[in-house]
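After this come two complexes, each holding chain A, first together with chain B and then together with chain C.
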Partner chain A sequence: MKKRKTDAPSAAEKDAVTPAADALASDPAACANVTADCAAPAAESAAEGVVSPTSAPISSAPAPDAPAPRRLRDRFIDGLLLVLAALPFVACMVLKVLTTPASEGVEIHGAQVYFTIPMPIQPLRVSEAQVVSLAVVLSVLFLCLYLTRGLSPRGHSRRQIICETVVGAADGLVRDNMGERFAGFAPFIAAVMALSALSSLSSLLGLFPPTSDLNVVGGWAILVFILITVYKCKGGIGHYLKGYLEPFFVMAPLNVISEVATPVSMTFRHVGNVLSGVAISTMIAAALDGLSKLVLGAIPFLRTVPLFRVGLPAVLSLYFDLFSGLLQAFVFAMLSMLYITTGFPEEKYLERQQKKRAKAARRRAKS
Partner chain B sequence: MPEVQGLITVNIWQIVISLCNLLILFLILKKFLFKPVQAMFARRKEELDTLYRDAEDAKTEAARSRMLYEDKLAAADEEARGIVRRAMTQAGEVSDEILADTGRKVEQMKIKARRDLEQERKQMINSVKDEVAEMSVDIAEKVVGREIGEEDHRAMIDRCIAQIGQTDRRA
Partner chain C sequence: MQLAIAIALGCCALGAGIAMIAGIGPAIGEGYAVGQAIASIARQPESKKDVTRTMFIGCGLAETTGIYALFIAVMLVFVAPNMFVRLITGA
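Presenting the complex of A and B:
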């Protein structure tokens, strides 16, 4: 019953969104015997297909029956999407619990490999990092579907506000840092941030954070590197290649190294931060475990409980998992924006565009 | 015992998968978050624009109709003042006419009254004359009836005249 009561405001909120529910609320037959303060429970019971005592006399009215299934379906879909958004992480946790062997002692290692698929160059090892990455993608997909349901120009539901804030913030960040020309990068930067942040935060659920896997972050950095190169080539490939010979041709090897260093440094910065957090957390936990055994070893019942592990790891987790994870996501996104924007030769690009246009105009004039 | 990856390993396929993951997430966010929200923003902007335009239109319309009303009101005022002025001049004219008419009538009445008086006087004088003649005849009879001296004559004539004066005054 208590749960139901807490549902009431959200039900009233949905009233404002769906026109069908509006019709239900404004239906005079439905409101005839219902006073203002019991309107919400009545509407709720109508939505659930249950006839409450107050609405018993009007249950024969045909109007309230029509919108009820639609509202019920709406709420069902909302719930389903939320469950689907949470399910990937739950599945990952279950998988981890089922497959992790009981181990003694401290061991810092990479992700657990679930199975290996033979591939041409190198066998693909599907590890926990891959699975959690996929979980993040799926979760974000369902979250997006949930959040964008029932958007309306005049709506101001909680979901809509979240949507508008996220999109507005990403758009504003990209416009501020990259300029109007790159405004289309907003979803990409948002994707980088979401993937990185949620991957790092998955460690809060006890999962292996994919951001501490070199291959995962390396993939993102390579994609960013491809984008950087593509935008550098917008000024013409010749112009791009000439850039390596500056200030004089002897510098070419160094220029190549500095070019390659970009994705490598991005990767190592991100991975190093998260991985070091994991390593330090693990070591401190092990140390506290040892201390606990040393001090409380003599006491019969407390011997098996690592009492000293209570407290400090949680505080450290606040920094290493929450703060560091979010910060690195932000840093990665900022660096991506910065590299792409600064690599883009704007003047050369505009010059080329002008030349192209002039050429097209000449061709048109000829024909 | 499941296999465990080393802390730092490189696996090309994992890199490719991760790259694809980011691409897929980018597409997901673009299609399922940014597109609907931006479409909503566009719709909201459109709605706001039409609202503003409508409001602007209504405002200019109101201003226009107010000016129209004011013009009309001013015209009506002018007209009313004209009507009053015309009525007043008309009334002045009418009253002048009436006054003149009245004056004329009074004048006529005066003239008539004077004429009547004159006539009456004439009539009276005539009647007095008649009476004087009659009296003269009477007196003559009386004179004829008895001897009269000079003094008697004089006295008689005096009496006569006195009588005439009396009768004249009486008439």
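Presenting the complex of A and C:
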């Protein structure tokens, strides 16, 4: 039973890979775009890159049914990768503990600036948000390397099943929402989701969540906005610019505003949710601090014990940190999928492709 | 001077409170969306997964205006007072 269960996803994987490869082969420009955009959040795409080659030679390389005894070196590398995945967060926590100035009570402040690098236009400030988001990227990268190690065409290790489930879910989500043409977007969407979710969840470790900084999410939104614009331009730049003059040319300023509003609203939605979660949980912590002082204030030795701050805020952070952060990651990914798909002028694009092909054929006939 | 600072701080707090009136809209909208989702799940229990997913996305979208208001309120409470005090005292 277990074996069949394992075989099914890998077969599905194979099916999933081939049409995607076909779609990308017929549309090399899109392929180039996707890979270029995935280079930045390289983590998930690295996972994808490892997965697809292994699932391709299913028929050619029959794997042994019994798992080979795992060698010491393999085990060592596994452990090393897991440690490396956890290390960035630990390093961030240590950094935070070392650099946070001592303060009385509970307070809310923005990201702490660690150091500034002099730059021609404006000094580049490296703050907590950048450091933690880099830590998240590194952690996801090592986690993916760990999960994709030792994949085999007929493997039924737990790791491979997890890996195939994740990749299959991302593929299915993108296929459902964007259609077959954009199936190559799965790594990008998965990377955005993983980054956003892990960034929001890093507040559970007491770190500054990078998603509550406008700059981090703004960068993602600008990336998505560039993608949207590129795909809108697929039907020709003239067609794209003409879109601003609809329905009348008087509407042009309004159209420009609504175009700019897309990344702005995406940013504010995500940041606002996470930031409000942080603010509310901090305020609740302060209130509980006051309450425990009120209750225990008269007792000499217990005066400084924050009795009500033990455990109670954790229940509230279930909603404000866990649920809200994950939901916003999902919403961000869904919206970017939606905007890219709806902005793409399919008829115009096909028309152009046909024209190009006809032109090429004519040239070939001439020569 | 102190009066000016007090007025500025009080107005910041008042503004934050007034800004959060905008929370009414998303609350009504989300309540309606969730109610409709429950009704449709009751009618077609097999479509629960799709309906729930779509409902969450819709709720995330409907929240936007409330989040804008919240953002302004947070700015007014945590950022603006320092700025005003610095402006008034000339420091």
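Simple rule for what comes next: the second predicted complex is superposed on the first by the 295 of 367 C-alpha atoms of A that agree within 3 Å, B and C clash if a C-alpha of one lies under 4 Å from a C-alpha of the other, contacts with A are read in each partner's own complex, and residues count from 1 in each chain.
Definition applied: a residue touches a chain if its C-beta (ideal position, glycine included) is under 8 Å from a C-beta of that chain, and two chains touch if they have at least 3 such contacts.
Model, not experiment: these values are computed from the prediction.
Counting the residues of chain A that each partner touches, chain B and chain C differ, and the larger count belongs to B.
By the touch criterion defined above, A:R125 lies against chain B but remains apart from chain C after alignment on the C-alpha atoms of chain A.
Once chain A of one complex is fitted onto chain A of the other, the partner contacts of A:F188 are limited to chain B, with no touch recorded for chain C.
Once chain A of one complex is fitted onto chain A of the other, the partner contacts of A:G272 are limited to chain C, with no touch recorded for chain B. Residue contacts after overlaying the shared chain place A:V256 against neither chain B nor chain C.
By the touch criterion stated above, A:V331 is placed in contact with chain C alone, chain B being left untouched.
Of the two partner chains, neither chain B nor chain C is touched by A:V295.
Taken together, the two complexes place residues 108, 275 of chain A in contact with chain B and also with chain C. The touching residues of chain C, when paired with chain A in their complex, are 56-57, 60-61, 63-64, 67-68, 70-71, 74, 78.
Looking at the complex, you find that chain A touches chain C at residues 108, 265, 268-269, 271-273, 275-276, 279, 327-328, 330-331, 334-335. Listed in rising order, the residues of chain B touching chain A in the complex are 1-26, 28-30, 32-34, 36-38, 40-41, 43-44, 47. Chain contact summary for the complex, chain A toward chain B: residues 99, 101, 108-114, 116-117, 119, 121-125, 127, 129-130, 133-134, 136-137, 140-141, 144-145, 147-148, 151-154, 160, 163-164, 166-167, 170, 186-188, 190-192, 194-195, 210, 213-220, 222-223, 275.
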